[in-house]
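Given below, in the form of structure tokens, are the structures.
Shared chain: subunit A. Partners: subunit B in the first complex, subunit C in the second.
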Partner chain A sequence: MITAGVDVGAKTVKIVVLRDREVVATAKDLSGFDQAKVASELLAQALEKANVTQGDLAGICSTGAGRKIVSEATHSVTEVSAGAKGSLFINPDVRTVIDVGAEEGRAIRCTEKGKVEDFAVNEKCAAGSGAFTESMARALEVDVAELGKLSLGSDASVPMNAQCAVFAESEVVSLLHAETPKQDISKAIHDAIASRITSMARRIGLNKEVLVIGGVALNVGFIRSLNEAIEMDVIVADDPEFVNALGAALIAAERAN
Partner chain B sequence: MFSKFEEWYRDRHDYARAWKEKSSGKVFGCFCSYVPEEILVAANILPVRVLGSHEPQDVTEPHLFGMFCPFCRDVLAQGLKGRYEYLDGITLAQSCIHLRQAYRSWEQHVDQPFSYYLPHPMSVQSPAAVPYLREELENYKKAVEEFTGSKITNDDLDRGIRILNENREAMHELYKHRIGPEPKLSGKEAMWVTVSSTWIDKEEHTAEIRRVLKLIEEREMDRECGAKLMFVGSENDDIEFINMVESVGATVVVDDHCTGTRYFWNSTADDMNDRIEAIAKRYVERPACPSKDHPVRTRFPHILKLAKDFDVQGVILIQQKFCDPHEADMVPLRKYLEENDIPCLFLEFDVTVPLGPFRIRVEAFLEMVGEEDLF
Partner chain C sequence: MAKYKTEPLKCWAKAKELRDKYYQDYATAHERGGIRWTGGAWSFDAIPYGLGDDVYPITGEPYAASIAFNKEFSLKCMEATEAKGWARDLCSYMRNYWGSMYLNKYNFGGPYPKPTFAFQDHICCSHAKWYQVVAEHEDIPYFNIDVSVGPYHLIKDNPQKIKYIVDQMHESIEFLEKVTGREYNDDKLIEAVKTDMRSTSTWAKICELNKNVPAPLEEKSMYSFYVFGTLSKAKKEFADFYDELYDEVKDRVDRGIAAVANERCRLMSDTQPPWGFLKVFRYLEKYGAISVGSLYTFGLVGNWEVKKDGTWGARETYMEKGIEINTRDEALTALADWTLSRPEWQHFYDPGLKTEMMLRIAKEWKLTGVMLHLNRGCEGLSTGIMENRLGLVESGIPVMTFEGNMGDEREFDLGRTMTRIDSFMETLDLEPISAD
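Up next, the complex of A and B:
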């Protein structure tokens, strides 16, 4: 059976094509202004990579903030259910999923069957999300991909208030004026995000194993700070950005049965 | 079927102005649902609950500190913008300091012929609560009499008690139609009814409920019921939000709000010789606002009973930002409900609510409570 999962996120669209629960193709692109068009074109690309046509698909499940605009979708689920589903598929021992995307941070507690028991989403401010790391990288004048690595060179603990992304940026500017080394500031930024995400995850209860998904999982500085904050070693998913799309494709397969 | 209530909900100020012109009576603005409306109705006064308008505003900043709740700021904004210019008086029954601050500011900055701060027992579980409130209600009655120039007799009080009780009874009958696999009305329709009851002439409102009750048995909602939910929180008159929740596969079947069940759930005894004591007893014994619900949290088992009686699959905990009394209950209440197998979704409300992000959370919650279908 072939199915596809389409995750229309705040910043990027991700597609996973599954054949008999094996990933046969993935695709990713910026969401852009016309998300529906991007999703359609990207789906066509992924299907071409998998060497199948839309007619071969038993189902297409959409997820993500823009999931309702995917006209090809036969099903639709929220990123909470998709994230839990995809995470349990990757590692059946996972009981807590931390999903940090471009604009939202989420924590999901689930059972051994992938049933969502509880979840929490960051409130209103982007201070616990990828957009925050991007704005902080701009303030430090480093590439966002370098921000995480930079923080690994620091063991300092510089307190920083990340309740608001805009105020946090002015804190970074103050630290720069105080001639705080960039690597220490970078560490402070990741500590602040990790603390915010941990606080949210503690609200629902942190149970082992903890899997981190979403684009920010690729940030090594964030993962180190997160390990310290939650006082356990998290597992980082391979291709963490695609886990929700994977979960959606799995749900499409289950629905088709 | 509910269009009259919708109209009343929407055109609240037009209604009050028209009522005043028609009846030549006085209209009082009530801050908080603890204002004893029986006494006002006995004095031929129309009690009108003062609520906000859910619009961003920029007029309260000089008067209220930023940490005061959005609801009390929204309420004060209505006064400062002159939207309640038809009021002849205002009354605050003490519950939380946020609304008291809004009331005091309103008193200072909005021209009002009558203003009364009604001390109300915070320890309603104390044996002294009823005698204390009884005395305060006597003082309030005297103040109202002086203002109107008319004595409030026992017959007047009996009428006030009867009119309020009849409305409460009709509301209960209506709520019974929200029980069962196929509720006869949506949460949005129920919200039009309950919220409008806080400012419409009670006899007129009761007559309209009675008209609906004659027809409702035959009614079928024009959509699937979906997951049955309960709302719990302070005041909630947010039609946009409930509409969104019900548009994604749910029906709200019961609530614990001071603009909902807490407002009408219990009646005033109509067989006590001391009418004022009967009224005091009613307000002391009603389902409590968390500001008064201590040392024992009596509202927890009450909320659980409502959730079970109305067979809800989940509860949405609606937290007005900075509402301290509800914040104090939020952590243990959530724990209590979840220990009793009632899943909860917590959402923090401001004057306006972000419907997009909230929609995703509500949808995820609905997937969670109805997962047999999904997994």
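Up next, the complex of A and C:
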């Protein structure tokens, strides 16, 4: 059986095509202004890569903030269900999923049967999302990947008090003026976002194994800060930004059955 | 095919008429030589009724909620309040109300009708300051009663605590006589206290009917009715309306009439809803879900007690119990005792008490889950809400939270809240049964 998962996120669209629960193609692009068009074109690309047509698909499940605009979708689910499904497929021992995307941070607690038991979403504050690291990287005039690596070179604990991305930016500028080394500032930034995510995750209870998904999972600085903040080693998913699309494709397969 | 029969409520038109009349009566009271006063939905509103039959209150919370519903005006009110230097994180009802006063605009047309006096009590920190600012701005006299004597289980057998409040009530009557130049009528006070008991006990009986499956009322409609208890508990027309409403809802129960045709998931909410976005309650219906009420809708207005079988039921009034109220002191003591037992008054002292009451509702109203509004607009009712969440979750009740503000639409995101509901429904294994 062939199915596809389409994750229309705030910043990027991700597609996963599955054949008999094996990933046969993926695709990713910026969401842009016309998310519906981007999703359609990207789906066509992914299907071409997989060497199948839309008619061969048993189902297409969409997820993400723009899930309702995917006209090809036969189903749609929220990121909570898709993230849990994809995560447990990757590692059946996962009990807590931390999903940090461009605009939102989420924590999901799952049972061993893969059922979502509880979830929390940080929606009101950019300080728990990828948008925060991006704006901080701009303030430090480095790119996001470099920001993560920079912080690995620091063991300093520089407090960042501002909870809001706007105020945090001015705090970063003050730290720069105080000639605080960039690597220490970078660590402070990651500590701040990790602390936000941790307090949200603690609300639902942090049980091992903890899998981190979403684009921000690729940021090594954030992962180190997160390990310290939650006082356990998290697992970072391979291709973390595709896990929700994977979960959606799995759900499409279940529903087609 | 729908699971249950539904039909519109017959008393809608009457409810709207009564509410409109309340606001018009207040605005035009002076033209008729009457008295208008302002205060909170928690005020002992039976007391000013002793001044005569031409006394018209406007309570700040429901007035502010009506402003919040009028998004364009609400924004202007917020901006006017912020322009005076007040912080954006203060009570959003208070900010809407102040804005209307600063702009000198009444939400129901014309200028803001200046009250003769302000009459309030304070269980929440914002209560006293709210009307202090009004009194200073409008240059009117103000009386405030301190009710901070603890939760009811600690005061009901402690006459000193009740007396502390009753003494202030006596003083408040002297204040009312002085500022209005009227002679106070104890018979009218006694009547008003009895009316308060009748209306708040009947509202509890109406809420109790929602224990039935299917529920005869859903919470969005309940907001249109509970409001009378926040406008004036001691007003005869409102108590009579609750009697009528009870008969109609009871009849719906007897005939199996549902509020939501495909009810299959029963929820409760908590705290004031985001008034400009009540459509979230309609959105639940897509999943066959219904909010059957909340501690807020049940317990801000309704008076409850634990019955012999251990369940919650409407508190028996003094009249039902055959307790006589003959003097001013008896009336004030009865009013203090009655009011302080109301559920929403308890958890200001301890969120644990709220969790207990929520668990009771979850059990007795047969709930599937709970939707908690993390309401940034109300420090009073939001205090301890995450502790309540924990208590519910630990008891095995699924809970979703959503962030918002009852009176400041700038802090509410409709799309994201609906997504949150979608996620919650997915965790309850419920798929949509109708389109958006």
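By definition in this document, the second predicted complex is superposed on the first by the 255 of 257 C-alpha atoms of A that agree within 3 Å, B and C clash if a C-alpha of one lies under 4 Å from a C-alpha of the other, contacts with A are read in each partner's own complex, and residues count from 1 in each chain.
What we mean here is this: contacts are C-beta pairs under 8 Å (C-beta built on N, C-alpha and C of every residue); 3 or more make two chains touch, one makes a residue touch a chain.
Just so you know, these numbers come straight off a predicted model, no measurement behind them.
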Combined model on subunit A where subunit B meets subunit C, clash or fit
clash
Figure out whether A:T78 sits in contact with subunit B (first) or subunit C (second), or with both, or with neither.
both
Touch test for A:E254: subunit B only (first), subunit C only (second), both, or neither?
first
Based on the superposed arrangement, let me know which partner A:K113 touches: subunit B (first), subunit C (second), both, or neither?
first
In the overlaid three-chain picture, which partner chain does A:D93 touch, first (subunit B) or second (subunit C), both, or neither?
neither
Please write out, lowest number first, the residues of subunit A touched by both subunit B and subunit C across the two complexes.
65, 77-81, 115-119, 121, 123-124
Touching subunit C in the complex: which residues of subunit A?
65, 68, 77-81, 115-121, 123-124, 203
Which of the residues in subunit C come into contact with subunit A in the complex?
386, 389, 393, 398-401, 403, 411, 413, 416, 419-420, 422-423, 426-427, 436
Quick check: in the complex, which residue numbers of subunit A touch subunit B?
65, 77-81, 85, 104, 113-119, 121, 123-124, 251, 254
Subunit B to subunit A touching residues, read off their complex
343, 348, 354, 356-357, 360-361, 363-364, 367-368, 371, 374-375
